[in-house]
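Here subunit A shows up in two complexes: once beside subunit B, once beside subunit C.
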Partner chain A sequence: MTAITGDLKLPKERGKAQAWAIQALPVVVRWVAALGGALLIFSILLMIKGTNPIDAYSDMWSSTFQRSASVEEIFTRMTPLVLAALAVAVPARAGLTNVGGEGQIIMGGVAACGAYLFLGDAMAPAVLLVAMIAASVVVGALWAGLAAVLRLAAGVNEAISTLLLNFIALDVLLFLIYQPWRESRTGQPATQELTDLAKLPVVAGTAVNVGIVVAVVLVVAVQVLLTRTRWGFRVSVAGGNAEAARRSGLKVAFLVLSALMIGGALAGLAGMIQFSGVEYKLRPSFGHQLGYIAFLACWLARHKPFPILLASFVFAALSVGGDSLQLDSGVPAASIYVLTALILIAVLGFTTPRKKTS
Partner chain B sequence: MSLIVDVLSGGVRGGTSIMYAGLGETVSERSGVINLGTEGSMLVGALGAYAVGVETGNPWIGVLAGAAAGGLLALLHAYLVVRRGASQFASGLTLLFLALGLTSLFGASYVGQPVVGFDKWDVPLLSDIPFVGPIFFQQDPLLYLSYFMVPLVWFVLFKTRVGLLIRTAGERSDSLTVHGYSVRTWRMIAVTVGGCLAGIGGAHLSTAYANAWFENMVAGRGFIAVALVIFAVWSPFRVMGGAYLFGTAIALGPALQARGYEINQFLLDAVPFVLTLVVLTVLGKKTLSSSPAELKRVFENAPPAT
Partner chain C sequence: MTTEPAARSRHRQPLLEVLGLTKHFGEVKANTDVSMEVWPGEVHALVGENGAGKSTLLKMIYGVYHPDRGQLMVDGKEAPIGSPADARRYGIGMVFQDLRLVPAFTVAENVALAMPEGMTLKLGRLADEITAASEKFGLAVNPAAKVGHLSIGERQRVEILKVLMTGARLVILDEPTSVLAPSEVEALFRVVDHLRGQGFGVVIVTHKLDEVRTIADRATVLRGGRTVMENVVPSDYTNAQLIEAMVGRSVSDLERGPSVALVESGPAALELLGVDCVGDKGNLALKGISVTIRPGELVGIAGVAGSGQRELCEVALGLRKPQRGTVQIDGHDVRTPADAMEAGAASIPEDPVADSVVTRLNVVEHMVLNGRPFPSRRLGIDWRTARRRTDEENDRLGLRIAAWNRRVSDLSGGNIQRVVLTRELAIASTLVVAAYPSRGLDIANVRRTQEILLERRDQGAGVLMVSEDLDELMSVADRILVMHDGHISGEIDSADFDRQKIGELMIGGAA
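This part shows the complex of A and B:
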């Protein structure tokens, strides 16, 4: 935007609205062309598979947005995405790349399950839920903190370590549900289902768990934390130029550690909500790919909290739309990843003016 | 004795797809571009090779198709990060999802279809060597190809002009510009070649290792390859050793279970990742200093100098 403003020399007599329209027009055209291109390519692919794209889109639209159960499902699915995207956004402010949402979500779910199994259902439900939340937040923060410590102590880059920790977390999950926490030796590898007391309550009158409320509150909280607090300011200084921050007396190590741990805590909470509000059991596929999708949602939102809500909604709607696609058009649900990826490619590759690099 | 031979030959077999992908990632990262879409290139390579193998009945044509598919996906990554300035991590993950979606859309009809895959072929004489023979020379032809691919990649990267240009793009891109070469072009070439190699890795998985296609069959091997490249400090021969080590860790569990030992597979599956973290921690800043300079810039979120 700033680049465009700089290039345009507007006569003074023109109104502000007109000036804005002149600036916005190329942006709007670019967005429409990019998204239209994504839809068009997906249409062609559907046609190759012998599916009428217009029917597929209209079926997908009506069964995703015109059935209250589907709309509720969108809100349920966007909750962990919002939290895990915030888990990328906070460290990003400190100049850190957290690719570890996947593992932090899993460890959050594992911790919540551990707290549940340890305390049992003898506890008062409120105490049990609080314990599960606390466990997931702490373990998520520690899992991400591990990457921060490796970076600070040994210079291991956090993008690599968080990525590697994802797979270690997955193996921890599989280890637990195939042996010590397995419900029965013969059945599917999974933990026992949570009792009703340990399930998150739903928002009155809907089937959506209260996690969505928590997520929205935390979006606001993170926005305030990043833009209105001393810590947020310091983190962005450290993220902008660590050396300058260090010379002006900021404790960069503390800022790196705290930013990553806050991110891990948010992703851990996402895992708890996915476990206690949606899946109720740990299965091998627990939280599968939520972390990576959230990473992309955060990227799409350019690491800003409020746009993360919108990006997460879009991705959740696409994922519900994928299920509709399978039911209505007989195309595998995972095919919707094509559309998701095309939209990302369109928006991120083709909505900003080409960067000037040699 | 036979247990060790079993485990090691299983490690070589299982490690080969990871090795191809790791070699590809090495070429790509040497030019200064990390490609998390390697997993995706392996996926489209696996399906491409399988589908063309089913249609033509010739697994070698399948491998070519797999390499082309993997290369095309990587080319898209290269275009997005090199020409459009997209974030390397985000673009790589985006292409992983594109591959997941495409292979799910077009792969469904190939699930359960029989394919003429690569059969085991014992190398004359060499396969009779005790111990070494059964491990390295009683395998499939696509695996034998990797014995030539590793020195070839090493030779091209370190002994030819092309390799010098690729490495300079990743090391001192400004001096490449000074000498009138295009950093962008060399990066795009390197990333695409890397994707082709990952595609061959995927082809090995579907037409030699598993002889089957199913959704998401790569199951994280592409990410293991990314870890492997760091573990191997960007050297093709160490990629080979690391791939066998990681492959062996994965093959150990089933081999022990088949003999009635109680062992939890997932502790072994975690070994490659834990080992890579340990290596990174022990070597610490030393690893970082041996990584291509432009790649370091990517990790540190610094704007590219070019």
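This part shows the complex of A and C:
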């Protein structure tokens, strides 16, 4: 039992802004403490490895944010993260857990590559890019739709089915690049590189592909879709209480299917952008871990579209920073995952608003 | 006005005295100058409508809130109760409306949670103590049973036992009967009676007058945060006087004429023919049931809980598929919830929290979920229109629902029920299926709900009303169907209503 909440005790004369500041202060303190704690623990690990943490952090900071190439790299890496995080956020609104971003990204890349291989010679470049986008979106949606159908027809939990579909997607990718789509010239398990005309153009004056623009536009679009449309309202009813939705005549099955398929489409598009804007060929490691990192980014953003932009930026910056950590401080780049995990646990664990027990 | 309980002669002073407690939250005057007293061996009913200030008073007695003014006396001495722990030290125990037990634990483990902490957990000895205590206090409880498997009534007994075993001499029960079936209410009252005999003080919160008369030695009536009757003996007053004290005005008897809109020919509002239906436990819950409700009549369904009422309502609304038989509303076949809504059905669900409340959504967002198309604006919903409609419907029905932007999941049971009632009864319908419509409501709102159901009837809707309260059914229904074990065991017209006969039919009697 807690006593009456603090805000009831606030004298009325105090201004609204002041009251707001008093309420916001603990939140800010919690965030600072959480992030500071994560950095502190990582510092201890760095010291154990014999590295001065202050130097490591300052090297990381300068090589990540003070070189324009690094900053551009951050924006390039955050693009698929944003889209794949949206692919988690939309189904989450319907109460669904989409862990299948990884597989949906792979299938999106595979579809884009397929469209390129089969249509590449026959089409004008601009039309070809549109066809690749369309193929990735449709295949991503169908791949996620499979999990929705399994849930609706057989009651299989979508968190399990989307996860398992990731492994199947990886097998599909490996089959294609080892067998029919293998580039004969080099003999590597990879497809041939895209011609320049099939690569995504860059934003003028930078090395960043236009995917980032698409991602930002889609963040706004998803925000509108979830909060300003009748479909978005119905989905949140179904996600909040499926029985109440059914009793008020909503078609819950359709809402589950459409929410998961829209998620799949977004992740499929992430795969296309990763393929046509970054990697240019399918390799065994295509899109490696993007889906899972995006899943974490979405949780860090509490499934809200605009915070997803920020969370994706943070994760992309950390991965770029990890590369420089290896170069400058001699610490393995993979250790950045340790920092990433520490930040995630700290932020989710110590800044989550808890329900007050009354 | 003050009268003395019989036990007074044996004791020199009251167990608890509440003297002029006042608690204001900003503009809200939750309690103003509230006083009452409880003697050992007394059952004291605290009555009042929703929002009368009962909860605030209890929370001050139990140390959750601190009064702005006034004081508490225990055993004639001033007792500065600053926290629930203080209250327990003074021998005051509280059984909350939402029981606070861990379902996955056994009874003994739950009691262990409440006992003073030691380093080790001696569950075996505790189980013996529980058995001893349950005999002493007349509370049948099995210490090894898992709480999740117990009925609400049994869980309540565990809570009471827990409170007694931690040394309470005054037991406060916050609306204990609002969650109980009638047979469980009787069992609870036997326990309360037993406690009275052993010299405990009991405060019981309720807004049902028959319960006050059955169990309470004295009563205190709260209205608008003030005590309007203090420590009175209920039998000194008529029902009308007590209701007037609670509501603040006299509530006339419900006027129910014969239906003015009864249509004998044409399609029925609801027609079930030979319906078999499997219930949640896999048993056959409806066995060849046929029910016809004409437009313009109100049909009551009586029966012991679990006789198939829930399945009947769900089959009628297309929410549950019958294994055999047909369901029609206004002549249209019903196979899905959407069919039922298109045919003009409205429904008050049996369990509004599980079946109607959507987490995170506010009142107006619940109000648009009435099965009709949303008020639209381009791709979105025109919330301004939705708010206007909500206000208009609220004014028209007069159930005074909470503000449009309140989260419904934060509201109390009675307030949730009012939102659901307003949503479902504001729009014209051909059929109303109302399961326990007055659940959680206070006297004024129960009356208003019954009036609205009769208005719907007189506008030509067929009304199916399920209730466990026979008085309520007999006061509003044109006909009562009695259910027993998945059958309709009898049908009685309003002219021949007879409590005895209905009671026999409820247990499948041969009558």
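Following the convention adopted for this analysis, the second predicted complex is superposed on the first by the 340 of 358 C-alpha atoms of A that agree within 3 Å, B and C clash if a C-alpha of one lies under 4 Å from a C-alpha of the other, contacts with A are read in each partner's own complex, and residues count from 1 in each chain.
In the analysis below, contacts are C-beta pairs under 8 Å (C-beta built on N, C-alpha and C of every residue); 3 or more make two chains touch, one makes a residue touch a chain.
Being a predicted model, the structure only gives us computed values, none of them experimental.
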item: Combined model on subunit A: subunit C and subunit B, fit or clash; value: clash
item: Subunit B versus subunit C as contact partner of A:Ala159, first or second or both or neither; value: first
item: Subunit B versus subunit C as contact partner of A:Ser58, first or second or both or neither; value: neither
item: Which superposed partner A:Ser248 touches (first subunit B, second subunit C, both, neither); value: second
item: Comparison of subunit B and subunit C by subunit A residues contacted; value: B
item: Partner chain in contact with A:Ala341 - subunit B first, subunit C second, else both or neither; value: first
item: Partner chain in contact with A:Phe350 - subunit B first, subunit C second, else both or neither; value: first
item: First (subunit B), second (subunit C), both or neither touched by A:Ser285; value: neither
item: Touched partner set for A:Phe233, first subunit B, second subunit C, both or neither; value: second
item: Touching partner for A:Gln188 - first (subunit B), second (subunit C), both, neither; value: neither
item: Subunit B region in steric overlap with subunit C, selected from 60-68, 168-176 or 276-284; value: 168-176
item: Residues of subunit A at both interfaces, subunit B in one complex, subunit C in the other; value: none
item: Of all residues in subunit B, those that touch subunit A in their complex; value: 36, 76, 79-80, 83-87, 89-91, 93-98, 100-102, 104-106, 108, 177, 183-184, 215-216, 220, 223-224, 226-227, 230, 264-267, 269-270, 272-274, 276-277, 280-282, 284-285, 288, 299-301, 304, 306
item: In the complex, subunit C residues that touch subunit A; value: 25-26, 64-66, 83-84, 317, 319, 337-338, 341, 347, 349, 354-361, 365, 369-371, 374, 376, 379-381
item: Subunit B partner contacts - residues on subunit A that touch it in the complex; value: 45, 49, 95-97, 99, 150, 153-157, 159-161, 163-168, 170-172, 174-175, 178-179, 292-293, 295-296, 299, 331-342, 344-345, 348-350, 352, 354-355, 357-358
item: Contacting residues of subunit A [partner subunit C, same complex]; value: 1, 3-4, 8, 12, 228-231, 233, 236-237, 240-241, 243-251
